[in-house]
Structure formats: C-alpha cells, structure tokens
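First chain A sits with chain B, and in the next complex the same chain sits with chain C.
Coming up: the complex of A and B.
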C-alpha cells in the first residue's frame, strides 16, 4: 500500500473516531458521565435511512431523498433522539443528584433500548443501503488510487471540527460549555444555567453522531443493530487517552486511535493482523500506565489540588 | 444609611460546635476591612455566609438593609457580591481573558461586552502580558491575581478576598497591597480582606475585625484594634 493511501485511510478512520470522541467528551465534560448510548445513536441515525420493516431487502426511506433533505433530516433525527434521551433518561436522575455510576448505567440502558427496538423492528439480519453512490468511486491522485468517501470523510471531519471549535471558542454558549466542563459549580456561580449548557452539549453531541451515521453508512453501505458499539468504544478510548474532560484532547485521542489502528493493520505481519485490536488496546493500556491522566494533559495539571 | 454588606448576630454550627457565634460584621462600600483570626477562628465560614455559600443557623445577612434570607451564591453574585477562593478555582483550560469574561457574564450580556469588561479588569490587575495564556499555565502568584481580575470583572459592590497573599513572597505581597488599595475607588466597592500576613493587612486596611473561636474579639479602626489587649493576647502576640 502506498504511503498516500495509508495516510488517507488513517486520517479517514481517525477523523471518524475524533468526531465520536468529541461527541462523548462534550457530554462527559458537563455531566461527568460516559454516554455509552452514543454509538447506538449513530446506529439509530443509520437505520433512519431505511423504511422500518422486517423484510430482508431494505427499502430506502430518508435514504431515498435528495442530499438536501437526506443530510439535515438524518442529523435532525439523531439530534432529537439524543436530546430526548437526555430529557427522559438523564435529566430526572440529575435532578435527584444521582451519582456518575447511576448515569452511566442509565446510558447503557438507553443504548440497549435503542438496540432492542431496532432488533425488534428490523430483525437482527444486517441490511444493505446505498446513500451517495457517487462517493464510492476512487480518485486517482499522483497515480495512487484513493476512495472518494475517505477523502470526503477527512474534509467533512475538518470542516465540522472547525465549526464546533469556532462555536466553543467564540460564542457565549461555547465559553459557558467549556467553563462548565472544568468546574460546574464555579460556572453556575457565575451565572451558567445547568439545563441550558447540558442541552447545548447533547445537541452538538447528537449532531456529531448524526454526521458519523452518514459517513459510516456511505462508506460501508451496511446496517447492523450493533454497528455503533465498537464505534462508541473507540470514541470512549479516544477521550480517555486524550484526557477525560479535555475536548481538544478527545479529538486528538480519537485521531490517534484511528491512525494507530490503520498503521497496525498495514504494518503488522500478515499472520498477526487478525489480532490488530489486541495490539491497539494493548498500546492504550501502556499509554495509560505511563500517562494515567491522558496523553495531552498538561503536566502541571496533575499536581494541582 | 450607607451601603454595606453586613451580618447581624450570625451563628453557624457544625455538628453542634459553634463555628460562628453572634458575629456582627459590617463591610461598608468603598472601604477595606481586614478579617483576622487564628486558624479555625471562623474566617472562611464568615466569608461563606457573606457570599451565600453557607446558610447561617442564626442571625441575618444584610445587603444595604435588605435581609438576604435564603439567597444562594448565584443570587448574591448577581446582586454584586463577588469573592475569591483560597484554592483560587480558576478555569485552567480557559485563557486569562476568558476567565475574566466568565466573571463579566454573571450579569448576562454579549460576549463582546464581556470581553471589553474583561480587558478592563485585566488591565487594572496588570495581567495584559499573560492575557492570552491558559490560566492553568501561570505561576501561583499570577493565578491569584487572575482570581481577583475575574471577581472584579463582575463589577462587584462588595468583594471578599480569601487569603489572596497566601504563598506569595515579599515583593509579590507589595504588588498585591498596591493593587488591593486601588480597588475601592476604581470599582466603588467594599473589600473584605482575609489575610494572615500582618504587613499586608496593616498596609491595606483602615479597620479590622478579629475573630477567635467563632466570636468577635475586637472590631474597629486598625490602631484601636491592634492595641487591644485581648487581640494582642489571642492573636497578634502569638504571631
């Protein structure tokens, strides 16, 4: 495999993981909760593309619409589902001052609920659906073939990260969100409204999940009720190696994980490739042993009390 | 009646022990009052009461003669009572300017307005050269200054400083004294200064309030209080 191909693959996967890690990191920041339902919300968005049915052949639903309707509809559906989850499963617990463990369990429940409903409606058989068929083409760059969807994934990731980072940096809501991610009670003292800042975090997280739904399905064309689970784990690991609660770290952590996966896939001896994830997550353990606070935590942050 | 933040016969008990007992303290707007006392005398508890973090078990907190029954810290912050913390509690991953903006935003308004207010507070506290640094990357003395800048950006009528000189060496203390002395006129606010460092207190405060074991030991102008035998005995003599 040429280095250019490898770089495109690595950045495409890393970008996807970065979007997922940012989605999980935003919610962790304000809630101190790991939202394991994040992956299943990605699944939910993917299934919204087809007509709900138990039939083997998937009939496109949202997926049949033109891109101008398909993209905002899917993003809107996933954002609404994410916000509904917050309203129904997390806010009542928060109001009763439930601890992080209860919230975590609640997020598992939301995730399994989504999976079970999809299993019930669509059956457990994987389905195939094609959106944006034009993107499955290959591009010839300097006599190297790269797939268009990977290039698009990289560009979309960069654009979306810029939008989210601009929002976080330059708007009042963004500043409130970052402040609340560090010290919620101090932020509240300075006038930050808890419900609003959490609403914003879930909204952006849902938007990011929806984008991943589209990118993932456009690339693989496959729907599966458990497809979001490994994605959520990758995103979660990305936030951990980036340093929990550190948004830029989450992005970097997700990117790192995707790049490491792709490189190991390409560079490991053939016989060891099936064990790639063992190497990836072994590396994660080593990183956490050396830097328990995450790769991108400033050194002085650890000693402050 | 002059504008003031005050307590009337305030009492706080922790598991039956009196942390504060019938304390009357008055912080007039435009003055600097020093709050002194040995460790465990109840100084921070009193600041917590004044800023709404601790509800008193007895007595009242008054803001210009209005009783602050059940007012929490957020409400007091909006009504012009700002404080700093012994542990500083900056937002480490926000810049110095953004930290001050968070203070300005306590009264709502746009990011643009908050930025302008923050810039003033930063200029006033002499932090221009580190305005764009992350707060968590600053040395300790500067962090404490950022805490003051954030509180000043709230445009408080009353500012409560909880041991702002802790951990500072002599030159830094002198700078801090000069800064605190300029606050009442520049911001038209009253300053309550909790401080162990006697030279800082003597150089900044016109009047003192001395606590011991949760009770007021002495209160009044500096010269009066520092010569009080009870104060010399309980605190100054030991220092």
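Coming up: the complex of A and C.
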C-alpha cells in the first residue's frame, strides 16, 4: 500500500473515531457519564435510512431521498433520539442526584433498548443499503488510487470539527459548555443553566452520531444491529487516551486510535494482522500506564498555588 | 436596614452525619458579616447550602423575603447570590478573559455590564495584564482575584466568599481585603468566611463564631474586639452565647 493510500485510510478512520470520541466527550464533560448508547444512536441513524421491516431485502426510506433531504433528515432523527434519551432516561436521574453508576447503567439500558427494538423490527440479519453511490468510486492522486468516500470522510470530519470547535470557542453557549465541562457545579454557582448546557451537549453529540451514521453506511453499505458497539468502544477509548473531560484531547485521542489501527493493519506481518486489535488495545494499556490522565492533558491543567 | 439573607434553624447532614445543627443567622443589606471558626465548624457547609449546592435537612433560608431552600444553585445565582467557594475554582482551561466573559454573559445585554468589567479590571489590574492567558497559569493570589472578579460580574446583591485568604501570601490577603473594603464602601452586602479572628473583627460589621456545626457566639465586631471570652470560645473554651 502506498503512503498516500495509507494516510487517507488512517485519517478517514481516525476522523470517524474523532467524531465519535468528541460526541462521547461532550456528554462526559457535562454529566461525568459515559454514554454507551452513543454507538447504538449511530446504528439508529443508519437504520432510519431503510423502511422498518423484517424482510431480508432493505427498502430505502430516508435513504431514497435526495441528499438535500436525506442528510438533514438523518441528522435530525439522530439528534431527536439523542435528546429524547436525555429527557427520558438521564434528566430524571440527574434531578434525583443519582450517582455516576446509575447514569452509566441507564446509558447501557438505552443502548440495549435501541438494539432490541432494531432486532425486533428488522431481525438480526445484516442488511445492505446504498446511499450516495457516487462516493464509492476511486480517485487518482499522484497515480495512486484512493477511495472517494475516504477523502469525503476526511473533509467532512475536518469541516465538522472546525464548526464544533468554533461553536465551542466563540459562542456564549459554547463558553458555558466548556466551563461546565471543567467544573459543572461552579458553573451552576455562577448561574449557568444546567439543563440548557446539557441539552446543547446532547444535541451536538446527536449531530455527530448522525454524521457518523451517514459516513459509515456510505462507506460500508451494511446495516447491522450491533454495528455501533465497536464504534462506541473506539470512541470511548479515544476519549480516555485523549484525557477525560478534555474535548480537544478526545478529538486527538480518536484520531490517534484510528491512525494506530490503520498503521498496524498495514505494517504488522500478515500472520499477526488478525490480532491487530490486541496490539491496538495493548498500546492503549501502555499509554494509560505511562500517562494515566491521558495523552493530551493540557499543560495548564495543573493548578498553581 | 432591611434583611437580605435570613437563615433559620438550618441543619445540614452528610449522609447520617450532621455537619450543621440548628443555625440561625441573618445578613442585612449593605452589611459585612464574617463567619469565623476552626476547621470542621460547618462554615463552608452553611454557605454552600445558602448557595444551593447542598440541600438543607431542616430549617429555612430566605433571600430578600423569598424562600430559597430547595431552589437550584443556578436559580439562586440568578436571584443575586454569588458564592466564591473555597479553593477559588476558576476555570483553569479557559483564559482569564473567558472566565470574566462567562460571568458577564449571565447578566447580558447592558452597557452597565461592560462598565462593570472595566471597574473590576481597575480593582484587580493584574487580570487586565493576564487577560488572554490561561487562568490555570495564574498564581493562587491571582486566581483568588479572578474568582472574586468573576463573581462580581454576575452583579450579585449578596457576595459570599469562602476562605479568601486560605493558602495565600500575606500581600495577596491584604489586596483581597482591600478589594472587600472597596466593595463595602459601595454598599455591597458581604458574607465572608474567614479563619483569622483578627482579620474578621477588623473588617466586619458583625461576626458569627461557629464550632462543631453550631453558632456559639455572635455579635457586633466592635463589641467583640478585645473580648478574651470570644477568642477563648474560638479555641474551644466555654462560650457565653
């Protein structure tokens, strides 16, 4: 594989993981809760593309619409599902001062609920669906063939990260969210509205999950009721190695994990490639042993006296 | 003088352990009141409860005549109670300017807020110099100034500061209390938690002495200065309520 192909693959996968890690990191920042339902919300967005049916052959639903309707509809559906999850499963627990363990279990419950409903409606058999078929072709860059969907994934990731980071950096709601991510009770003491901040965090997280739904289906063309689980785990690991509660770190952690996975896949001897994930997660253990707070803990994190 | 904060028979527990027992006190508008007492006296628990971060087990809290026990911290802040908690808790990953803008954004839209920012930066000039730097890089004394400035920008009617001198070099303690004196001259209502009796008696209109979760003495600072019994009560001696 040429270095350009390898770089495109690595950045494409790393970009997806970065979007997932940011989605998980945003909610962790304000709730101190790992939303394990995030992966299943990605699955939910993917299944919204087809007509609910137990038939083996998927019939496109939202997936049959033009991109102008398909993209905002899918993003809107996943955002609404994410916000509904917050309203029904998390907010009542938060109001009763439930501890982190209860919230974590609740997020597992939301995830399994989504998986179970999909299994019930669509059965457990994977389905295939094609969206944006033009993106499956290849491009020639410096006489190297690269997949257009990977290039689009990288560009969408960069654009989306810029939009989200600009929102966080330059808007009032973004400032409130960053402050609440660092010290939620202090933000509340100043008068920052907790419900509003959490609503914004879940909304952005849902948007990011929806984008990953579209990118994943556009690339693989496959729907599976458990497709979101490994994605959520990758995003969660990215969040942890980036430094919990540090949003830029979550992005960097997700990117790092995607790049490491791709490089190991390409560089490991062929006989060891099936064990790639063992190497990836072994590396994660080493990183956490050396830097328990994460790779990208900011220099200013330590408070001087 | 009207009463701004009225707390009656307040009790707070951590699980089954009582931290504050049957505390009654008040703060009049424009007054400077100090809580003094040793570690574990219940001072911080009391102010955290007034600010809405802890729920009272018993008793009532009224702010400007309105019951606020059971009200959320953000609603209490919106009513005009601002707490600078122990340890300052500035947002270290935000810049100094962002910490201040955040507070200013909570009382949006007025030219008065911008004038207030200028005034706060005059009160704490180091914050103007460090405006674009990360707040986590400030020294402890500078962080305390930022925490107070941030609280002031929410335009509080009652400013509560928990242990402002804790861990600070004497020059910063002097600077912080000079700022309090300035605020007091402008009729700001202050409730300060302070371990130093000398400083509390020198600064406050009235002082409450807490020990083991209860108020054991209170009175006008002018009357308590030089009162050996008061000092003895602080260090654990018998108190005359």
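The criterion applied here is as follows: the second predicted complex is superposed on the first by the 297 of 305 C-alpha atoms of A that agree within 3 Å, B and C clash if a C-alpha of one lies under 4 Å from a C-alpha of the other, contacts with A are read in each partner's own complex, and residues count from 1 in each chain.
In the analysis below, a contact is a pair of C-beta atoms (placed from the backbone, for glycine too) under 8 Å apart; a residue touches a chain by one contact, two chains touch by 3 or more.
Please read all numbers here as calculations on a predicted model, not as lab measurements.
Once the two complexes are laid over each other on the shared chain, residue contacts for A:194 go to chain C alone; chain B is not touched. When the two structures are aligned on the shared chain, A:170 is found in touch with chain B, with no touch to chain C. Applying the stated contact rule after C-alpha superposition, one finds that A:96 touches neither chain B nor chain C.
Of the two partner chains, neither chain B nor chain C is touched by A:137. On chain A, the surface touched by chain B in one complex and the surface touched by chain C in the other have residues 172, 175-176, 178-179, 182-183, 186-191, 246, 298, 300-301, 304-305 in common.
Residues 170-172, 175-176, 178-179, 182-183, 186-191, 246, 298, 300-301, 304-305 of chain A touch chain B in their complex.
Of all residues in chain A, those touching chain C in their complex are 172, 175-176, 178-179, 182-183, 185-194, 246, 298, 300-305. Per the touch definition, chain C reaches chain A in the complex via residues 51-53, 72-74, 77-78, 82-83, 85, 89, 91-94, 98-99, 101-103, 105-106, 108, 134-140, 143, 150-151, 154, 167. Taken together, the chain B residues at the contact with chain A in this complex read 73-74, 77-78, 87, 89, 91-94, 98, 101-103, 105-108, 110-111, 114, 134, 136-137, 154.
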